[in-house]
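Below, chain A partners chain B and then partners chain C, in two separate complexes.
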Partner chain A sequence: MASIRLDQLTKDFGGLLAVDHVDVEIEDGTFLALLGPSGCGKTTTMNMIAGLETPTSGEIYFGDRPMSRVPPGKRSVGFVFQNYAIFTHMTVAQNLSFGLRVRKPRPSKTEIDSEVKRVAEVVGLGSMLQRKASRLSVNDMQKVALGRSMIVKPSIFLLDEPFSNLDAAFRAYMRAELKHIQHEIGQTMVYVTHDQVEAMGMADQIAVMNLGELQQFAPPLEIYNRPSNKFVAGFVGSTRINFLPAEKVAVPAPKGTDGGSVTLAIRPEYIGLVDPGSAEATITAKVDLVEPLGATDVIHLSWNRYDIRAIGRPGARPRIGDNIGLVFPFRHLLFFDDQTHEAVNGPYQA
Partner chain B sequence: MARIRLEGVTKRFGDVVALNDLSLDIADGEFFTVLGPPGAGKTTLLRTIVGLEKPDAGEIYLDDRPITRVYPGDRNIALVFQNLALYPDKKVYDNLAFPLKQAKMPRDEIRRRVENAAGVLHIERLLNRKPAKLSGGERQRVALGRALVRDPRAYLLDEPLSALDALLRLEMRAELKHLQRDLGRTLVYVTHDQVEAMSMSDRIAVLREGVVQQVDVPENIYHAPANRFVATVVGSPPMNFIAVKVTGANGRLRAEHESFEVESLRDTGESLQQLAEGGVSYVGIRPEDVTIVEDGKGIPTTVYATEPLGGETIIDLELGHQVIKSIAPPTIALQTDAKVAIRFDAQRIHVFDAAGRSVMSAAGADGVFKVSFA
Partner chain C sequence: MEGHSTLKAFGRVTAIVLIGILFLFPLYWMITMSFKPQSEWNPIGKTIWWPQNPTLDNYKQVLGLTNQNTQFFQASSTDATQPIIHSFIAAGGGTILALVAGVLAAYGIARFRAGGKMLPFQILQLRMFPPVAIIIPLLIMLAYIHLFDTFWGLWLVYGAVTFAFVVWLMRSFFQELPREIGEAAIVDGCSQWGAFFKAVLPNVKGGLAATALFVFILNWSDFVIALVLTTDKTTTAPVFLNSLQSAAAGQEYGPQAALGLILILPPAILGLAIQRYLVRGLTFGAIKR
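So, the complex of A and B:
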């Protein structure tokens, strides 16, 4: 069993709280992403799970077993790092079989060969087994690194930004591959990334971190549609979410702490575009700039000195300087307290 | 006026050909982007235009004047580097004024130019600060300001946003495009980021290993790519390529897959000669043009993985021995291994030959291709 529980996990690097009382619990077979900007504590958290760092306080449990005194080699965790560690003088097959060949007692040659073949198929190296690792592309090297960890069947698989050095097309390919592999073998995975697309696309559960603190722990779509605070709302999403002072927009808004002000937030793709005079329009804004991205356009608008981004279709592209009506659908509005930056329940949930 | 023209420019570093017989014609006032992966020769191209590298062959023209032998300082072209080089001990004002002081410009004129540049870049309130006290975006603006004060004829920008974090890059993209429009000067922009290229440029040149693959407006780069390389460089996730067998010429292209067929409705004439009868080629279709249909009438596939991204969900589908990507609305709920039918938007189909060269693109037009399935 490899469920993981982080209980008030804390790491203090001489006054710098890298990880600050983090609580996370996942079931066996879960794909967990630790997501956040650089310096948020995600790698330190992973290093504590791996045993490469000792917690200052708090505990890590695999199943019911506390792990903080268990050495890394005894934890049954596999790693894949950003900088792949593979033996370049060996063939792909030799690299893959390495973890089995050093195991005691050593498995039979037939067993090793069949495992190497199986894993090579899974990671997409089936046709390259006899090739020297030094002659592989960087993409294939990372597949070898992945396969090498996989073959020893760790109960937990830890990946630290494994694809961040690779090109965008390969990352998109590997996202689907990794998610498929994880589905096939039901492996518990902890994936560290600063790329929200990777976290959203692959994870069952995302732990969003910032400055050592856990901001939100939830499934991807809940993180996206119900962010717990302003930081999470702004960090997740390919085109930046819009923030506007709620009092200036004619929508029923909740009150903040002590009756204080709140910020309204709406994701660009949820904004409807209509004629400027339309009764549906929540506000009317002026087009500043249109950025064509191919499948969609990002439309930059200004309204009362605020910048607003909306998503348009290339077939119906507005002109710069045009006024257009923006519809803010009620069910997609989010509100954040201006003092605490925490989410405030909007009327839509009542 | 600053039209920049390169004719047959070749630059070698030892055995490496960084630029290979490269020709470009950049119009006055154009936002022109050179897009390519690391090592494509982008930076060498900029350095050659500005005069920091001397080409081994070919000629560079500024308007109609050959400048290949003109000293860099006399070309009056500003180059803004990837790594922002600001003087840490000088205030922003002095950072901006420095190149003008070096040029022995009168003090009043320096003040006028610095204030003007600061106004354009919205950094007036930062003039008395030192670089260490600035955010990444502010530093970026100061670096641009250093080029602006010189009032050059053209700007060359080398990956200026790559050091910034994702959110700031987004903002700076819009700002740069604004700025270029306001200045009305020729701007040559180098990047490996397809979103920056697509969103800001008037035209894009896609560069690979020192060779120009295609020069065109963003729409055509996206919808009518010249080859598979160009098709992959823009679009996220990238275009799907499905291996097909080309059959039945008769002036019309017919691409067969085990579960569908693409047929050209027009006489494709000469371009067909590119494809050997019975040879392998590729049908290209972007993920957003692959639609999952609910009525089951379509090409049969199996769900391989689903990737919810919030605003949309990527569905990875097994089609024969391949996995292709489809973009679906976020409300879609599909389990891995589920059987689903898909359709291709016939107006967005591309056919590439075995070497990856484009044979035909529907490029948004109706009546170019017909897709049928069993």
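So, the complex of A and C:
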């Protein structure tokens, strides 16, 4: 087990700044999610933590120990790759035991066998130890990958979009399993994902990245409710947050840099739906489309050429073309400077 | 419509048969020739399509099973067993050398972009020269370092000549393989070399087998290089085949055909033995998974 600290971590691929002076610090036993769109530098950051890439500048600490000169095999990390990277020329058992077999001094055969059995039980592969890895289903391949990285009892677990190739049901199952394992053994985990639902649901801390830069580093709810800039606000949230020019909406808004304009943002689920003429309504918008999701509806509305999404209840589903009043509760409003795109101190209250 | 598609099918079958005849005829001619006695090799004014007095003498002769030549006075040996052994040693050694150097180079190029973008093309360019163009300088060089008519000489030249093939074939196999395979082994505690031998190489063994066979066939069937760079100590089978001629009989078509057929066997047998890998190996690079 170990805490991790990234200190001004930078990776420059010949002029392409993949990771730009990233500072992150997590305590031992934390589940950290690196969240961002593809190409944001999260995988490069992960590879540097694992030692597969050497930082251009900056340093990685496990505990107090600087790691950039420590070879990957000596860092005591387990790595689960997106495309499994299991060894198809071996059986499941050989795959699982690989990390032990290349270790020096090599553990005894009985030791290896009992470890393989134990890990196989944990990941649910007990019955297929002798099967060729190339004959496994995608789901089982990922279990092998997970088991193979667990067997060496790493102090840090690194997972690079490990479940994104799995089908939805199994993905949900594995997510829960992983969270369970993490909770049980208090393992430090770093989890790379572009899926904000995964990050929100699993992580203790989320580091949102974009274009190589760290955008925000905070616990999930803070990321969700107090995004530090417009990018984070737009990237996090399964139904996209609404952005509107603040001056067009009749709400008291702060001023931006040099008294410049600001953008107002509000999450769909915080928008109240009322009758069109109601005195409470902040604005009145027209219904374009209703997406029934079961428990809730996503209502797409238009107002002054702006698209707005709100969450409705199936019991009170509006018809397309209806006008409805939208209430923007003041305490849920966020404001972003139009020049810097940074958050301006808004009225948000948790 | 019905008549139209029948016609098309007929045309297709005809084309297949014609092309098949074109390609298989030399093989047919070689097989029948190898069983013909001398009188049927090249009789004036006649074409003999099928041996009328089939004989195994040609085979016995090139395999050294007859002590004395029964057909005509023979100045030089017609026993091909030594040249065949030489061919195995020369082609096998050259193949191993090309594989060792080529596989490592290919991995370096595919994984670490060793040598920059142009290196693969610079290597490929080695194959742009016809062997004839470089064979005389090579002869002089080998003579200088006392490797003329030695297996080391042949190995070096065969290895160098087929190196480019190994690099290009293996490079595509390595590129197809997810780089995470090697990285996973490294994270698990392997060195770069350990990851290469334990995780990466076993995953491309189909491609490796196909490449090895391909290179072996190239070396095995070489004529020009061995003709110039060997005399008698390391004469290879194709060169020996060419020498099967005599004042009395001119070209000894029968023994030549028999030896030719024998020389087809090793690549054919190897091909069948690794067929399982071969199909996958040769189509591997062609399919986007």
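Definition applied: the second predicted complex is superposed on the first by the 298 of 350 C-alpha atoms of A that agree within 3 Å, B and C clash if a C-alpha of one lies under 4 Å from a C-alpha of the other, contacts with A are read in each partner's own complex, and residues count from 1 in each chain.
To be clear about the criterion, contacts are C-beta pairs under 8 Å (C-beta built on N, C-alpha and C of every residue); 3 or more make two chains touch, one makes a residue touch a chain.
Being a predicted model, the structure only gives us computed values, none of them experimental.
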Contacts of A:L293 with chain B and chain C, given as first, second, both or neither: first
Partner chain(s) touched by A:M209 [first = chain B, second = chain C, both, neither]: neither
First, second, both or neither for A:P37, with chain B first and chain C second: first
Partner chain in contact with A:V197 - chain B first, chain C second, else both or neither: first
Chain B versus chain C as contact partner of A:N225, first or second or both or neither: first
Which of chain B and chain C A:L333 touches, first, second, both or neither: neither
Touch count on chain A, higher of chain B and chain C: B
Touching partner for A:R240 - first (chain B), second (chain C), both, neither: first
Overlap of chain C and chain B interfaces on chain A (superposed complexes): none
Chain A-facing residues of chain C, complex: 178, 180-181, 183-191, 194, 198-199, 202-203, 205
Complex contacts: residues of chain A adjacent to chain C: 47, 50-52, 71-74, 77-79, 81-90, 98-99, 102-103, 145, 148-149, 152
Residues of chain A touching chain B in the complex: 37, 167-169, 172, 175-177, 179-180, 183, 197, 200-202, 220-221, 224-225, 234, 236-240, 267-269, 288-289, 291-295, 298, 300, 311, 314
Chain B - residues contacting chain A, complex: 37, 165, 167, 170-171, 173-174, 177-178, 194-195, 198-200, 218-219, 222-223, 232, 234-238, 286, 288, 304-312, 314, 316, 323, 325, 327, 330, 336
